[in-house]
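Pasting a structure below so you can have a look.
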Amino acid sequence: MQLSFQNDRVLAVVAHPDDAELLCAGTLARARPDGAVIAICVLCRGDKGQPSKKVANLTDLRRKEMAASAKLVGAELFTGDFPDGTLMDTPRARSKVIEIYRKFNPTLVLAHAAEDYHPDHRAASLIAEAASWFCASRGHRTRSPAIQTPPALWWMDTVNMSGFNPGFYVDISQHVGLKKKMLACHQSQLARGNDTDFSPLEEMMRLQYRARGMQAGVEAAEAFRAHFAFKRGRAW
Amino acid sequence: MQLSFQNDRVLAVVAHPDDAELLCAGTLARARPDGAVIAICVLCRGDKGQPSKKVANLTDLRRKEMAASAKLVGAELFTGDFPDGTLMDTPRARSKVIEIYRKFNPTLVLAHAAEDYHPDHRAASLIAEAASWFCASRGHRTRSPAIQTPPALWWMDTVNMSGFNPGFYVDISQHVGLKKKMLACHQSQLARGNDTDFSPLEEMMRLQYRARGMQAGVEAAEAFRAHFAFKRGRAW
Amino acid sequence: MQLSFQNDRVLAVVAHPDDAELLCAGTLARARPDGAVIAICVLCRGDKGQPSKKVANLTDLRRKEMAASAKLVGAELFTGDFPDGTLMDTPRARSKVIEIYRKFNPTLVLAHAAEDYHPDHRAASLIAEAASWFCASRGHRTRSPAIQTPPALWWMDTVNMSGFNPGFYVDISQHVGLKKKMLACHQSQLARGNDTDFSPLEEMMRLQYRARGMQAGVEAAEAFRAHFAFKRGRAW
Amino acid sequence: MQLSFQNDRVLAVVAHPDDAELLCAGTLARARPDGAVIAICVLCRGDKGQPSKKVANLTDLRRKEMAASAKLVGAELFTGDFPDGTLMDTPRARSKVIEIYRKFNPTLVLAHAAEDYHPDHRAASLIAEAASWFCASRGHRTRSPAIQTPPALWWMDTVNMSGFNPGFYVDISQHVGLKKKMLACHQSQLARGNDTDFSPLEEMMRLQYRARGMQAGVEAAEAFRAHFAFKRGRAW
Amino acid sequence: MQLSFQNDRVLAVVAHPDDAELLCAGTLARARPDGAVIAICVLCRGDKGQPSKKVANLTDLRRKEMAASAKLVGAELFTGDFPDGTLMDTPRARSKVIEIYRKFNPTLVLAHAAEDYHPDHRAASLIAEAASWFCASRGHRTRSPAIQTPPALWWMDTVNMSGFNPGFYVDISQHVGLKKKMLACHQSQLARGNDTDFSPLEEMMRLQYRARGMQAGVEAAEAFRAHFAFKRGRAW
Amino acid sequence: MQLSFQNDRVLAVVAHPDDAELLCAGTLARARPDGAVIAICVLCRGDKGQPSKKVANLTDLRRKEMAASAKLVGAELFTGDFPDGTLMDTPRARSKVIEIYRKFNPTLVLAHAAEDYHPDHRAASLIAEAASWFCASRGHRTRSPAIQTPPALWWMDTVNMSGFNPGFYVDISQHVGLKKKMLACHQSQLARGNDTDFSPLEEMMRLQYRARGMQAGVEAAEAFRAHFAFKRGRAW
């Protein structure tokens, strides 16, 4: 079986600047050559992830890093500009994301799973889900008009795979190189690899795509679960 | 997203002569024009499903009916020839099905879910799973040699959808006509629609593909869940 | 087995004006002749569900429609008067619903399941649950005094049945006519049946009560799951 | 809410002579005054449960004990006469139980849950389920003719409540005395209360009906979960 | 197997003054002699739990009661000082608890499960989880500096065990006396045992530790489930 | 927290000669220095796992390999001597394993999970569970007398981690070297690493203990879930 993203417009909605790299960059890279249009929406600034050797304008630097990474996979970049660690599912946050959906008009949204480890990830999950319904409702006014059809929604794997039961796997064996290059754009974070409050991201990412690959009979894979809710479910 | 079965060899392993029609005929019909090769393996004879107006050679008649139905979808037909109601996961039953796998060499097996309603369906589920592992093991001898790679395995929806949580849906909107025609081949069963020990099959089937369609945003759908076990998992 | 609502006071707590019709109207109709007292509490105004052919005073119209529907089943009507799309589980929302519980004194609350599709449904679920505890706590002051015992709480099916595992089914075969008439009161919504941001409600409702009926051996059924939390659990 | 067993014929299918007492005797006692007809089917002889002070004709004694207990609740007694510890879901075991169903014609079967602790309980669960389908199928021949409709099927709580998630609770507060008297019939087992390979049954039973009662707002309760499979599901 | 808390610093984070007693006091008592350092953090004041015979300075009294109880087990006491019934997972509540974590530096946090019965318990669960991540992140500023490593996190049993599937049990057979004495400190609550809006706490507590003990082969036990999320998972 | 196996007698019950190495060897190595007594019971001969370069007396060779491996960890070795691929939960298989339990008298059994990938693993799981009950029942006669208390039972991780939700993790960081040496004893299997019907075992094993370690904050871990069934549950 092969899954094609030919007519899709795929939008990854993540909490922090390097989350898309860890959890769905390979799938974005896979969708691109099928003919899909790609975008990444990063809700938080990444402003609280200071390396021990402090960076002066961290918010600016991280924006540049994510722009560089998005460019590598040919993705349009949207940002929510929320401060780290305080993301909540509020009417204001919903409106911001609804407007981003309306600008990009996704057919498929990739979002953090409710069981992920970080409070910002879980808030991003709720907001992405709420917006996936409201974006197509004319009663919910934002600058742009409502779109025709709510997008499909897939929950992404959790960081380190804890508690996530995959519904299906996307083969990213041919796209591991790009996934790594995208992660490499986030030098301000990779520099934290030895800080006590951080983790060696490259190894974590490699271990995860290899383990998911082992479960799915390929060199490397990313795992997802479809969200089957009214109008967001899709038959393939 | 669209799922292609282009290079697949799809084998439906079912318990009774009309189970493939109810649970996966639309998907077989979908896979065919993609270029897939199709087969149906019916493990039991259907010998205990007598209409109130008794049929003389019921086993023969049902074999003809399933052959007619398989022909409609262009599927090779395999039979296990087990009596109804006594199917068990035994070494002998496994060997029979291993040999069928080796003859057909499937890349994808569609099998009854463990949570289905009928003891024969649950036994068929166990046998189909066991064979999906052993068919590729040289230590397990049958007439034909071991195949190279265990097939992927998808669990089919349950009859009437009770207790089945879908992992994904296949759009069969364009293949409902064929699914209905295949069911119509089973006149010996449709004749039982008013018997106290039977059900009106056409309406049940229609209600199920419409309800699954409603959940997946299409006119008609069939639901499945992938079996992620060592070497049977696949990334798409 | 037959479930009797003889001494019950049943309160359906829903998010939008036509949710009770879709998910529990048949059960309300069933409880009535048993001797139960019935009420419906609609938390949101329905103010964002404009048909493409705009309605002038939509909030007023929908209030009239829900009043007409409630009257058909002999239910007292309570309203939360919250705007659509922004319902949240806040102390203020809880207080409003606590007071409604204290006015009506329910023995059984029917509420949206946590796994339902609409953010307002999920907020309504949280509020209904919180109120089911606080309504009986004297420390939580509202205009009316605390009631003696927290009500039982049942989660209703989701719209289109996605992700909902029923705990039990209520036979509504004798009450389908009334359920349909109640839905027919919501002409402002039925008018949206062909809008791109809406759905044909009658067909959806019919498909769901028929599918749930098929799973439960009757012509039509509604599905629920009991909430077993401290003091809200009940033995029958 | 109150559940009535007025027109029911309730058959408890258990593995060992004292299992019905522990897990469903209160419910049988509740159903009786509603007008239900009651039966207990014990599949194994109880021949391996020797007290340390050996009993000569243990099989005979246990049969007398279960007959005395069944009599107390007004239940007809059926026995499978299988030796303890070797019960398996075989065609022969199914036939025996199918015939028992056909003799009693139950509308509701109470059976061990698949997650219960004892291999015989789990085998009894499979057999009771298989028979609940085949009893109504004319193709499956036993001495008595097929019955009209498969019975509903409820899974009983596990011994000590481990791993069992209740779907609903039956209030047995008024029937605790009878439940205790029924258990007291099994003197050959109560005598084992201090043996290293046994347990103090009365205390276990009391702790369980009190804990289940606490969860359900009553003095004492028994917990069940309905089996929703084709034709065994019921709307109430 | 025996679990040792030798080098641990165990912090119970609960919603109300007597929750630690009901759900984890035995485990705190067990950890102490192993060499662990113990603390209890009570987030709400207990100000809404008035006995029918009103207490003048209830907040003060309950603080004294919890101090007395904490002293019995040798635990440091932290308080969140939030009013009952309005606890929410907000940035402010998180900051307060982050600072408490940083002061105490726990290696293990015991927190209410998401499936517990009381809205305050569920909010406390969210806050305890969020703080368990942020406490070790330097970007999240509070008065004290970030700690080195996020603590492990265990979810506690629910009050009355409803809906909680234990991951493991802690043997508290030797510590039941202390657990009871700790509960006995809360006289303002025990006095409510006969109020219609309250429960007999001692019996509830006893029934629960006995039932959990029965499931775990000991006289008395408390049940937990580990939270396996990034950096909060631990191998033993 | 640290788990001690000080007074334990740990018995791993596995299907094939190299399964203990993959799934629990690190835990056995951890238990040893605590003072535990260790044993491994291999139910099947490993007779069907022929490398492409055929081995003459494969059964003998594999027995030598497993003996060498068991010796490395100081484990007594028991064998079931069943042919590969046909293991079933029968009275005879149960008796064999009951007798092994009675000889070794385990306090803890490590067994394959029901959700593991191989039919022999699942049969071994059922047999190990059945024997864990019957070994302590005097009514079940084997050569040795019944033991006093049923052992605790832990389910082991699945091969490649598919579908297994860990209940807890054992830190094996200090024992990876021994785990690897034990696997290296199975040269007849490692030789199959490039066969089409086999897998590179060392890499698979490494990927799994590293991924489980990542989830549990250590270099390497093995994952388990306790079986909470009557008398097999334990409080720690």
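The letters A, B, C, D, E and F name the chains in turn, as written, and every chain counts its residues from 1.
By our rule, contacts are C-beta pairs under 8 Å (C-beta built on N, C-alpha and C of every residue); 3 or more make two chains touch, one makes a residue touch a chain.
Keep in mind the model is a prediction, meaning the values are calculated, not measured.
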_Shortest contact path, chain A to chain C, counted in steps_ = 1
_chain E and chain C - chains in contact with each_ = A, D
*Consider the two chain pairs E-F and B-C; indicate the one with the greater count of contacting C-beta pairs.*
E-F
*Residue-number overlap at the chain D/chain F interface, same or different (half cut)*: different
*How far is the middle of chain A from the middle of chain F, if each middle is the mean of its Cα atoms, in Å?*
39
*Where the centres are mean C-alpha positions, what is the separation of chain B from chain F, in Å?*
35
*asked:* Residues of chain D that contact two or more other chains, please.
replied: 160, 162-163, 215, 228, 231, 233
*Pairs of chains in contact (touch as defined earlier), listed by label*: A-B, A-C, A-E, A-F, B-C, B-D, B-F, C-D, C-E, D-E, D-F, E-F
*Spell out the residues on chain D that touch chain C in their complex, using ranges where they run on.*
1-6, 8, 108, 152, 166-173, 212-213, 215-218, 221, 225-226, 228, 231, 233-236
_Sites on chain D touched by chain F in the complex_ = 47-50, 52, 84-86, 88, 116-119, 158-160, 162-163, 196-197, 199
*Mind pulling up the chain A residues that touch chain F in the complex?*
160-163, 165, 204, 207-208, 210-211, 214-215
*Which bits of chain D are touching chain B when the two form their complex?*
89-91, 94, 126, 129-130, 133-134, 136-140, 146, 148-149, 228-233
